[in-house]
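Below, each structure is written out as structure tokens.
Heads up, the next two complexes both have chain A, just with different partners, chain B and then chain C.
And then the complex of A and B:
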């Protein structure tokens, strides 16, 4: 049987973190009373016009720069037409012809064979990033055969990140999206929380034999977490391989991932292939961005988005943060990955290191093995930890000063988890875990043991 | 060159317009002919213009919350509502195929 080459291309929609929407002044907020965050423009009432939010432009430029894209100094807005109850205008304003950023790349890391100690760096190319409007939300009421529509989300700014089909499996897809999520959160351009719909991923999947043209692709939607993304992609790859090996064909269709059953289901569209009749958005002139060189002399600075100004103010990206942690603290690269992967863990680690003379390379073991595994076992976030960084530092200090043994330290930690408010020192005293320092006392104890075990001593001396 | 019935059917599906009679179709024909005059101009090497606004400044708004909070007013226009939600049919109801619907285009 000839081998199969899976091809995976992702389309990611990230909700822009801003106070107001892309083209109107209504508020952006998750979970508000239905239709309370809707302006006349969002409801598509006649006579309203789009007005572009500068913050959204800046968010897209930041993201483009972080993903090594070329920023288009002139980009255009278009209308994408289709009918749906949660799209009141009958079209979405997007950037189809000339988007704001193109030709970038995203580097991410994978563990080989699930071994954290063997990591490889891979790259996926970014085709483009475009600004576009989000649609409202439809709640399907099947019992009453109706759809309830909430337009609170209609018009919220989105950055659509389109990746080239450089990925080959669920694991790669998950790792790439995770890294993108961290980048967006570091930039602040999107909070990228998948559970709140701030980061949505659609996967395009196909398979082919090496040397042959790409196979027919399907689009997989309704993926609600990074874990499900990996499952959905791998399931779809398997499904396509099985279908083709059984002599079947793959339809160019949209499929929904069913997380309960762990499979993809056809969302067969009664309307057939969509024709979106793209046309330029007549109400918006081209979006012009500037840099230090092209900056016009006497323009109102509120009307200017300066790419270089934004570039200078980019925060350290996750990859840079990791490298700095490795350099500064002498920890291993895979440690830095885990530190950045858990919200608040880097801060926790650095707080402990500041408060104890124990070497960071030793501290990291306590953070990653003892602290993190406990948190995971009890499904707690770092912020919810009953053991604070100062408490842990106090404990590690006792260990470092050799006032307790390593085994005793673990016992104290187990007590600290109970969150009863006792300090490490109090627990050590209570449970008499102190290491004996008195030489004479130690000699007396050893002698007593030897005296009580005369036979065993003779055996040992004889070899 | 006449507009084919396939194109007319396609447009009715996409835009939910109803060409209804020969006058409607004729109007479309004339509009296309009028626009086709653009082809008479040699535009080799010239950047296309899609708006006379192309040199205007695209105004950028500050990211402040200035509108919204008018649920009652918006719902005033709704024919049906359920607890401040708009009500819509369960899904898109696509136009039936040409052979299956009552349209002037059938005899076209």
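And then the complex of A and C:
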């Protein structure tokens, strides 16, 4: 059987972390009472006009720079028309002709064969990043034959990140999105929490034989976590392969991922293909951005967005942070991945290292094996850990000073987990876990053991 | 503001000196609105709030602290501007009963200056039309239909003919505002101008109609027809008043991203005596097919007036003028289709009882809420915006638009200061004749002289010039350079002074207390 080449392209919508919406002053907040964060403009009251939110532009520029994009010094806004209950104006304001950033790349790492010790770096090209409005939410109440519309989310700023179809499987998709998520969170341009709808991923999937043209692609939506992303992509690839091998065809359609069944289901739309009738947004002049060279001398700093100014203030991206951790603490690259992967873990680790003379290469073991496994077992985040970094540091200090054995230390840690407020020293004293330092006392104990086991000792001495 | 010219009787001065009070003025206007109800110029009269505003104004005058030239001045606003607490209908079933929660920026500015808002004026539905005949509240009647001047000239076709059926249209789409100003029920009114909707009715009703430069006055709160061409329009009885109103409205609005950032300084119009440094351009393409010989003669006479006064008068060419109507129709329909997409009955306005599905509710709501004109433009607009048509229609029209705008740039760059053209092809036609053709045909015909200024975003003003043979007003249009309203209005004012357009002689106005009404009978308030 001829091999199949799967092709996966992702479209990611990241909600911009800002106080107010993209084109209006109403607040951005998750889970507020329905229709409590809706301005006149969001409700599409006639005569209202969009006013661009500067913070959203900065967020998009930051993100573009972090993804190695060219920032377009002039970008345009367009209207994308369709009728839906959660789109009050009957159109979405987006950037279809000239988006704010283009031609970037995202590097991410994969473990080969699930071996954390064998990581390989891959790159996916970023086609573009565009600013656009989020829609409201509609909930279908079938029992009462009604649709409930909540416009709180209508008009919230989104960055749509469009990737080229460089990915080939669920694992790559998951790793790429995870890295993007970390980058966005580091920048602060989006909180990127998938569960709160701040990061939404649609996957375009197709398969073809090598050397032949790309196959028909389907779009998979309704993916609610990174784990499900990998599952959905892999399922869809498999489904398409099976369909084609059985002589069937792939329809260019939209499919929804059903997480319970672990499969994709056709969202057969009776309408057929939509013509969005794109038109320039006449109420927004072109978005002009400046850099140090093009900034006019008399321009008010408050009135413009300066790309270079933003570039200078970018924080260390995850890849840089990891490299620094490896260099600074002598830990392994895969360690740095795990540290960054858990929210707050890097900070925890660094706090412990600061408070103990124990070598970071030893501390990391305690963090990644002991602490992390406890957290995972109890489904806790680092922030929720009953063992604080100072407590752990105290414990490791006892170990480092050889006041307790490493076995004893693990016992103390188990006690600390109960979160009863006792210090490591108190637990050691309580449970008499101190390492004996008195030579004479140790000899007496050993002698007592030997005396009690005469036969075994003779056997051992005889060989 | 402008309190110049002791010879002219000014209402503002009268208010300041206490010779008339804001309440008296307001009451007179309200009473006159009632007695001219047959004009159908007003959709909503906000009697209670107007009187309250007048009271507040009066208190300020008594303290000697009026807010400015507009304090206590009764004004009217076209019903496509949002007014908080007062119905805004756009003369459409879609917005009947709609009470907006906010004021348009221009409305707020008027109120902040102490103006007294009498009510909302009638228009073509959603400002689509050139007659003010196609709104759900019925057509507006031109006050000149009832003037002595018109009645003297009109020959009844038969003895039994109902005099009433001979009334003429106001032109449109800001016909209600033009009629309101023309019939003395207010001192100034706001209209809107997308293809001539302020200048056209101004010409037919014998009032000054100013279309400002695009981007000078905020559109926030003006329910849009074509976002890239709409401007709030100003209707007054004299050019000086237009300058005062302009001064109170112009300037950057953070709520409207298409307004320019530059500081705007309100100005007083000088009394021009020497026009020898002026260069007046006469665009030959504005001798359009269908232009009445009467207006042609008047246009020529006006050109001579300037020439004889020492100005340089030259013929110029705006070669792409003939394409502007089709270009306008494509761009207008496309933007209309887009702007009207929000009227789905969900958040506000009319909602159909049809509730089988969201789609069916949308379709029924829009069919019930919009008239044929609006629906026609939505359908064609969506057609032009389809992916397969976009380049051939929308993009092509945008390119032609650029050519039209460049025509003006070239002419102004060649040393011409102001262009002089007719505003309309003829004087106002009787309603019965007007409705023989459909809205689209009429719009195409009537917009031809005014429309290009909207394409180019230029300021333009109609100045009432003379009465036609039928005793109806005819106006001429001046078009100026971008943001050069001061120059434009200075020339317009000089011209106004030369032609001495007669005052309308309306019986209804005469019937009112003659003494009290002296203020209104004079043309201006400033």
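As a working rule, the second predicted complex is superposed on the first by the 463 of 463 C-alpha atoms of A that agree within 3 Å, B and C clash if a C-alpha of one lies under 4 Å from a C-alpha of the other, contacts with A are read in each partner's own complex, and residues count from 1 in each chain.
We adopt the following convention: a residue touches a chain if its C-beta (ideal position, glycine included) is under 8 Å from a C-beta of that chain, and two chains touch if they have at least 3 such contacts.
These numbers were taken from a predicted model, which means no experiment stands behind them.
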Query raised in the report: Which partner does A:357 reach: the first (chain B), the second (chain C), both, or neither?
Result: neither
Query raised in the report: Does the superposition put A:43 against chain B (first), chain C (second), both, or neither?
Result: both
Query raised in the report: If you stack the two complexes on chain A, which partner ends up touching A:91: first (chain B), second (chain C), both, or neither?
Result: second
Report task. Considering only the touch criterion stated at the top, classify A:150 as touching first (chain B), second (chain C), both, or neither. Result -> first
Report task. May I ask you to decide whether A:275 touches chain B, chain C, both, or neither, giving the answer as first, second, both or neither? Result -> both
Query raised in the report: When the two structures are overlaid on chain A, which partner does A:52 contact: first (chain B), second (chain C), both, or neither?
Result: both
Query raised in the report: Regarding the shared-chain residue A:20, is it in contact with chain B (first), chain C (second), both, or neither?
Result: first
Query raised in the report: More residues of chain A are touched by which chain, chain B or chain C?
Result: B
Query raised in the report: In the superposed arrangement, does A:285 touch chain B (first), chain C (second), both or neither?
Result: both
Report task. Please work out whether A:83 is in contact with chain B alone, chain C alone, both, or neither, and reply first, second, both or neither. Result -> both
Query raised in the report: Once the two structures are fitted together, what part of chain A is touched by chain B and by chain C alike?
Result: 40, 43, 45, 51-52, 81, 83-85, 147, 149, 275, 277, 282, 284-285
Report summary line: Counting only contacts in the complex, chain A reaches chain B at residues 18-20, 24-27, 33-40, 42-43, 45, 51-57, 81, 83-85, 138-142, 145-151, 270-271, 275, 277, 280, 282, 284-288, 302-303, 305
Query - Partner chain A, residues of chain C touching it in the complex - result: 81-82, 88, 90, 95, 100-102, 104, 219-224, 226-228, 254-258, 334-335, 337-338, 340-344, 346-348, 358-359, 362, 382, 385-387, 390, 394
Query raised in the report: Touching chain A in the complex: which residues of chain B?
Result: 10, 13-16, 50-51, 53-71, 74-75, 77, 82-92, 94
Query raised in the report: So in the complex, which bits of chain A are touching chain C?
Result: 40, 43-52, 79, 81, 83-85, 88-91, 147, 149, 275, 277-279, 282-285
